[in-house]
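For reference, chains read A, B, C and D in written order, and residue numbers begin at 1 within each chain.
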């Protein structure tokens, strides 16, 4: 954490090339070494394999090497940074963004198991690993809110209850939709169309756009200021996990469309609903204390969506392209 | 004046008035104008109907049928017990969750935790109006309702 | 693997006490150290906490320390042992037992996700970890059959197809029942009675009785003869994972009965079907090449069932007790 | 002589004869006597009925209704398309899985992989006869059946 470049520098620089050594550092870092990994490199790494996506067994083998123990993190310095070094506007801005992730992680944890029922055998390995990842990420936020922010509660749900006031009213858009789509998959686990609609919301939008954007904003702030080392470590490790999820998810969507080109309609219809909802915000989130402007966050979200669609080969009809440009910078993730 | 019983005709009439009026000013103040503009736009163009079911009433499942049109509620009544309600979106919820909503449980989480669920209807279309729907759930939850007669249930 | 006691010695000696040092060795062993762990100690360890079952978060934290990488195993020596040192009767006996586990692991992997939907938040962590365990165990057997037994196939299902001829016709009893009970839970994820019936089949019978018995028979053979070191290592690590699954499962059943004592009926009714099916065998499995007799295997299964019921506080009515005594020694697991 | 069409009256009659006769001697030889004793005991006392559905026949879902009694099949016929079959156990399977069963796919895995599923009926009671059921599935699978008329499906 010696580098102190501006949080939004890379946003304006555009995509960067990763050297083989950087890729090895990201892939091989043990948890305690993750503090030295640059979040911008990890976000670049998510997209590295997007054009020729790895198969599920490869993703599963990476998982076995990259998983981490959420109880190995020590939040003592984070608590000091949070209480003594961060300003109240920084804390409020941070909570307004992070709370969507706290709830988002729990939602993607609980909504994923049904998707495993109708998956192929090798895909099941990848999804089983992802379910465990998401549960671990849920515990990560539970610990952060408990030990750093100082929320009190006897169990996971109590801490979720306590952080919910920071969650925007529009959170129900993508996450309510995911809940209902998961129930549709539960009722018809082998309905490929329902699975593609679910996958569009889960893998493309929530993980590929919302989550990576929250990660980028809060982690580049932490890196810029040199604050919250355990948060930086755990959430950057989470971002590395996310790279497997996004790649697996994009592979699923790509395969589904290649097998049946009419599946693109399910992706478009789902994006039509999601983008309509994403055009509305119920609260103004002040990003400036974290080193961002609303326009920069919006630009970040465009970049995230555009790169995935482009790399996976999904084109948007004009009406959807127009909707993309009015997306509001409301962040949540999972 | 005592509260109308939950799922009684008097309660349905009160729900109709409350939904037509929409969220009161104090509730609107906490959220961005952009959000309410969206709400108003959806409400003005909404021509669908909801059958909001209660699955486990003592006398059997019943629904609160709500028809929207011209920016207001054109029909609002309790249907059943018995028979399948015809509506654009048929939704189901348990009695205990209805009561929790009236006791102040969050409408977003009521949706997100599947306490209320679309049982029939196109989910993607339904979600285009989800902010409108959750705000309406909040309004319905604030309409006084007596749960006494069913307390023994 | 220096000790060479008879495979059935401990069966006749009865329960043994574990020292604190033995417990620490079992709990803390890295994968490569598992070869030095005695399978009888691990089976004893499964029951250690049965009388005061750990909570789900404790089990989840243990998982984070104990999980292993299935690709770290090297089956080269196993291949030599299998091909050059084991006799044909030993191989046939081994396959007759292990094939039920090969298929059983895959079944418990795919049937577990639905159980997570209706679980509490902390229980979800434990189940997410167990789903990942079961997927890893599936890969373990896939590798064993591919690299040691020499079955050929392009993917997981092809290897399952190739080992299926060794699976007994009565396998459909517990595992078909689990499949149908899982579907019942899928349709009604919050139906506690359906969940208890499912849990009785999954956690008490398949994991608590069948799986531990297969583990004991094949692993004490491998230890006795000094054969199959990677199989011994991976499957003993699997047994340690199993200790968390059985403890979590017994906690689930115990809590369910404490909360609603009429739930005992669901457990009894499920056992009534299971024990009726367990009283029948379609093939004669010759255990002698592995150092066991049929009667000893039957005694082993009694012990496994009896200890769980006893420790968790589940009593059986006389008709079920009578059925227990006619259980056939047909092994499978998951 | 050509094969009777799948789900035709002639096929149902052939199934009836095959089930009443039970698994032929060569098939019995590979399994323990204990297993067949159990099979015979279940068969002798079985008084339940199965409605073995095919969910996606071109004309609509239909069922093969099988009534057991006195150690034999007392009724065996195709019901539907249309109407809900009344049976102790209502089971469902897709056309492709029926065809796979006839092509030799394993009856155990047909159950275990939920290619056939109990849609109505008590699962624990059903499973007390599961070995009897899977052996009957094997017998049914060996009854010649023409899938030609439905090949376009």
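The rule is short, and it goes like this: a contact is a pair of C-beta atoms (placed from the backbone, for glycine too) under 8 Å apart; a residue touches a chain by one contact, two chains touch by 3 or more.
The structure displayed is predicted, hence computed values, not measured ones.
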{"item": "Euclidean distance of C-alpha centroids - subunit B vs subunit C, Å", "value": "49"}
{"item": "Distance from subunit D to subunit C - Cα centre to Cα centre, in angstrom", "value": "32"}
{"item": "Contacts with 2+ other chains: residues of subunit C", "value": "none"}
{"item": "Pairwise touch network: line, ring, star, complete, or other", "value": "line"}
{"item": "Pairs of chains, among all present, that meet the touch criterion", "value": "A-B, A-C, C-D"}
{"item": "For the subunit D and subunit C complex, residues of the former touching the latter", "value": "31-32, 34-35, 38, 106, 108-109, 111-114, 117-118, 123-128, 130-131, 134"}
{"item": "Interface residues, subunit A side, partner subunit B - complex", "value": "107, 164, 167, 169-173, 175-177, 179-181, 183-184, 197, 269-270, 272-273, 276-277, 279-284, 328"}
{"item": "Complex contacts: residues of subunit A adjacent to subunit C", "value": "60-61, 64-65, 67, 69-71, 106, 109-110, 113-114, 116-117, 121-122, 124-125, 128-129, 131-132, 134-136, 138-139, 155-157, 186, 189"}
